[in-house]
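Structures for review follow.
You will see two complexes here that share chain A, one where it goes with chain B and one where it goes with chain C.
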Partner chain A sequence: MFRYLVRRLLQMILVFVATTFIVYSLMYATGGDPIQALAGERPVSPTQRAQLIREYGLDQPFLVRYWNYLSGLLQGDFGKSLTGREVSDIIAQALPPTIQLAAIAIVTTIALGVTVGIIAAIRRGGWFDNATLVFTLIIIGIPIVVLAPLAQLIFTIKIPIFPTTATSGDLYALLLPGIILGALSVATAMRLTRASFTENQRSDYVRTARSKGLSKRRVVGVHVLRNSLIPIITFLGIELGALMAGAIVTEGVFNVPGVGFNLFRALRTEDAPLVVGLVSVLVIIFLVANLIVDLLYAVLDPRIRYE
Partner chain B sequence: MSDLESIATVETPKTQERQGGPESKPRSATADAWYELRRKPLFWIAVLITLVVVVMALFPSLFTPNDPGACALGRRLADPTGAAIFGYDVQGCDVFAKAVYGTRNSVLIGFGAAFVAGVIAMLFGVTAGYFGRWWDAIVSRVIDIVLGLPLLLAGIVFMKRVSNAGWGQNGRITALIFILGLLGWTTAARVIRSSVITTKQQDYVAAARMLGAGNGRIMWRHILPNALAPFIVIITMALGAFIAAEATLSFLGVGLIPPSQSWGLDISEARNYMREDFVPLAVPSAFLALTVLAFIILGDTIREAFDPKLR
Partner chain C sequence: MQVETARPVGRHLLEVRDLFVEFHTRDGEAKVINGVSYHLDPGETLAVLGESGSGKSVTAQAIMGILDMPPARIPSGQILYNGEDLLAMPEEKRRAIRGSEISMIFQDALSALNPVFSVGWQISETLRVRTGMSKADALKRAAELMDLVKIPAAKARIKDYPHQFSGGMRQRVMIAMALAMDPKVLIADEPTTALDVTVQAQIMDLLADLRRDLNMGMILITHDLGVVADVADRIAVMYAGRIIEHADVHAIYKQPAHPYTEGLISSIPRLNSKGQELATIKGLPPNLMRLPSGCKYHPRCPYMQQPICTDVVPPALDLGGGRTSACHFAKEMLDGQLHR
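And then the complex of A and B:
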């Protein structure tokens, strides 16, 4: 277990360094003139330019700058945005709405996806099962750029039960964007639950439990359910990381001032430090979620041993 | 893309012949799958939509006589007429013609990116699984790194650079094909790799080697065909995902830009006045959703046909 953990951590560090390096070099090495981007439309005098270049460390070689950035990151220093604000401040402000969105999406996934998946698996081949299969296919097939504006049109304008935008950030306003964000996960969770449940229903231990004379409720609710939940929990963990990165469109459509929204605005204004900072945070969340899921796997299923 | 792997893990079909069927001759796994597949109405619906979309991409003028670029502000949000069956948008452009002409870019980028991703996945997946050792270690780490960059996130950052470089319309299309392809090959490569690792220990591979077959021949003729079914499933579904990604990037303003025709652009523009008129939003949305759906259903039905457990 310990050796596995060390190996996984080393892999994580490699992935983190490589991904941030890619984004860092894309934002800095090939970008336009960062000093001009900082000044906007105003002309910059040579003395000002020289001072700014020194202040932001642009006179140093590229790799040295990346190294400085990385070591700053380890101490929690994300650097300064081009607007002069600390990047860590912006992140601290943008994370809560995004986390709330992702949480709503995950709760919807569990409440709807897992329950419906279980019912479909128990009544396999029935009309409910077939309807679920078609429904999940449709949801998986509709891209979020279609789903988000359409939901906004239907549920906030035609039938105004939700506010059109969620700028204020109160929980009720975040409900609709959260559900939209989770729609794909709901569909995937339904299919996964159904598949895993069906497979376990055919296994030997279920037959044993049945022949012992246990009630159907107990067989399904205790024996099958516990074993079927393993792949679903893994899926949910990985999905949590993916959801936070995938919120760009949803946050844009519903004006949620979260990570995706800020990231997109930072890209528009060429705010390289902010872009790199936000991407770094998203990558860290994604990687940590993956690691936790992998470790959880061994806890949930004692048959799995990590060497 | 993370869910594709779980959806598309196909069990290698058992070689033993199956009972039943119209003629009880032994059939190959592919023939078996084809027999299952052609009885499914959902499969044929998906094939039909795919064919219509491809024909529309090749010959858009077959579907509409109007020019999507011929706009007149005088007929702003005008009602449908015989010539423009879905009416006009806020700029007075034919909504249906714009959607029809948008098909070409979507299909071009989808197929192009799937081709790039497929070639990379095949090259890396087969060689990593076959040679193992240090090459496998390197490829696996590269896959980890690419997976660490979410498709949309990385796509935005990469395309932003292309925007700054000031590339023209064709340059942007090429850039989208290669960027999406370079970011989207990992799942397929993993599936091929694991399938190659199980196949290479089979007796017939050892037999081929003893008969003097070289590495290239063994990989191409004896190992690759076994990994093909799951590979086709993943690439078909990825094709839908790439088309959706193009629309999303264009929607966000970093993909294609006017005067290119793109469903994502149409959706993004129509969203601004959907309170007044929702038809210009609904038409490109329906085109996009149906196309992506067709590819997802295609992949899903093929996977089911190849999976003996689901029969």
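And then the complex of A and C:
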């Protein structure tokens, strides 16, 4: 187990270096003029330009510049945004609303998706099962760019129970965007839970459990549930990472000052240091989420052993 | 047809009476059990023999009450345990009998055991849930049970998971689990089919010993005649959802009273038939959706005589000494006067 962990951590470092390298190269390959971008509208004199180039190390070869950036990153120095603010400050401000948003989304997914999936599996073929199938197909069919503004229109303007934007970042304001963000995973979680549960209900060990004279509630609630949870928890873990990274549209529509919102703005203003910094954070979140899922997998399924 | 209906209600530990089971499928009704009757007394072993699809497992699952209904349906019949009809009982009362008075072991222990719980947990579960025994006591009892079924180093292996055991050991775990509540009836559904030949013998010996020591009645479901000979007291041979012959184990080997039983016995490979082609029963088991008329075995029977075999369902002929045969020519067979 320990050796597995060490190996995984080494792998994570490799993946981290590779992804930051790719994003770093892409951002600098866009060919913008970082000095002009830094100066904004004002003209830059050649002497100033030369001095700034030296100061920022832009005269160095590309690989050296990447190395400088990476070593700074490892010491917690994300560099400066073109707006002049420390990238680490922006990240520190953007993370909490994004985490809250993802948390609301994942709670929605579990509360709705997993529970409804289980009920649908138990009452397979009934009206509830069919109704949820139709519902999930509709939800999956609507892209988030439509769903988010639509929900905003209905629940904040027509029926004003939620604030229109969540700029303040308080929890109540984040509720609607969180649920919307979770809606897509709700549908997937529902289908996955139903499939996993159905498959396990047909297993031989269920027949054994029944022949032990256990109550139906115990057979389903202990024997079937425990086995069905394995793929569901894997899905939820990976989804949590994806939700944090993929909230760009939702955060944009509801003005949530989170990671996705800032990333979108940074891309538009070609703020390369900020883009690379935010993406690095997302990569780390994703890698950690994956590692936790894999470790959890071994806890949930004793047949999996990491050596 | 019924086997030994002369005995009064409640005489037997377990008695199946004229049981019918149908499965409702998309293509129609499959008549899986068509009037099965057998009985079991304490301390004896009844072997239920038959090909796949003959209904031997379904009968057992009907006794256990673990048939999925729907698609299964029991239109008529009785299953008497100590004289009480299990089929007429409320589910709660029946559940109290299931797994404690009557328990069952299954063919493939790897899939029949839950992969994510330790064997100790699974053996002790019944005790914890049903007798309210504490976790520690139940685990201690689980270790004792594992000792009883001769799992080496039982105490050390209690926290191991099913996949960490060999096939034979897994089957022992399953037996230990079935014995947790001291059942009076143990149904073993092809307990050795998934095992190596050497391990098969060990498991059969273990089952025979346990049956004797614990004075249980055992129903041994198998398609393997070789397994049956040493262990069983009586044999019920099933074909197309009926018991076509029922007899004492020695009698049946000496002289079968039904052509199907004869076919089964002659298809056992023998040492002195080396070099010869193996004897088989020609044809296939019948389609349960479209059962043949008359005797269900007539399309495959070498002694088939028209029109009686094709038109008339043979009743279970009482041949004396608890022996029955559902063949029109059972007496002739017994006397060795039947010729192809």
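FYI, the second predicted complex is superposed on the first by the 299 of 307 C-alpha atoms of A that agree within 3 Å, B and C clash if a C-alpha of one lies under 4 Å from a C-alpha of the other, contacts with A are read in each partner's own complex, and residues count from 1 in each chain.
One rule holds in what follows: a residue touches a chain if its C-beta (ideal position, glycine included) is under 8 Å from a C-beta of that chain, and two chains touch if they have at least 3 such contacts.
The structure displayed is predicted, hence computed values, not measured ones.
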Chain A as common anchor, with chain B and chain C clashing or fitting: fit
Touching partner for A:N227 - first (chain B), second (chain C), both, neither: second
Which of chain B and chain C A:P96 touches, first, second, both or neither: neither
Which superposed partner A:D204 touches (first chain B, second chain C, both, neither): second
Touching partner for A:R218 - first (chain B), second (chain C), both, neither: second
Chain B versus chain C as contact partner of A:I248, first or second or both or neither: first
Which partner reaches more residues of chain A (counting touched residues only), chain B or chain C: B
Touched partner set for A:L300, first chain B, second chain C, both or neither: second
Superposition-derived minimum Cα distance between chain C and chain B (Å): 7
Shared chain A contacts, counted only where both chain B and chain C touch the same residue: none
Chain A partner contacts - residues on chain B that touch it in the complex: 2-3, 6-7, 141, 144-145, 148-150, 152-154, 156-158, 160-161, 164-165, 240, 244, 247-248, 251-254, 264, 267-268, 271, 274-275, 278, 281-282, 285, 288-289, 292-294, 296-297, 300
Chain A to chain B touching residues, read off their complex: 11, 14-16, 18-19, 22-23, 26-27, 30-32, 137-138, 140-146, 149-150, 152-153, 157, 184, 188, 191-192, 231, 235, 238-239, 242, 245-246, 248-249, 252-253, 263-264, 267-268, 275, 279, 282-283, 286-287
Chain A to chain C touching residues, read off their complex: 203-205, 207-215, 218, 223, 226-227, 230, 300-303
Touching residues on chain C, where the partner in the complex is chain A: 64, 66, 95-100, 103-104, 106, 108, 111-118, 125-126, 129-130, 161, 163, 174, 177, 181
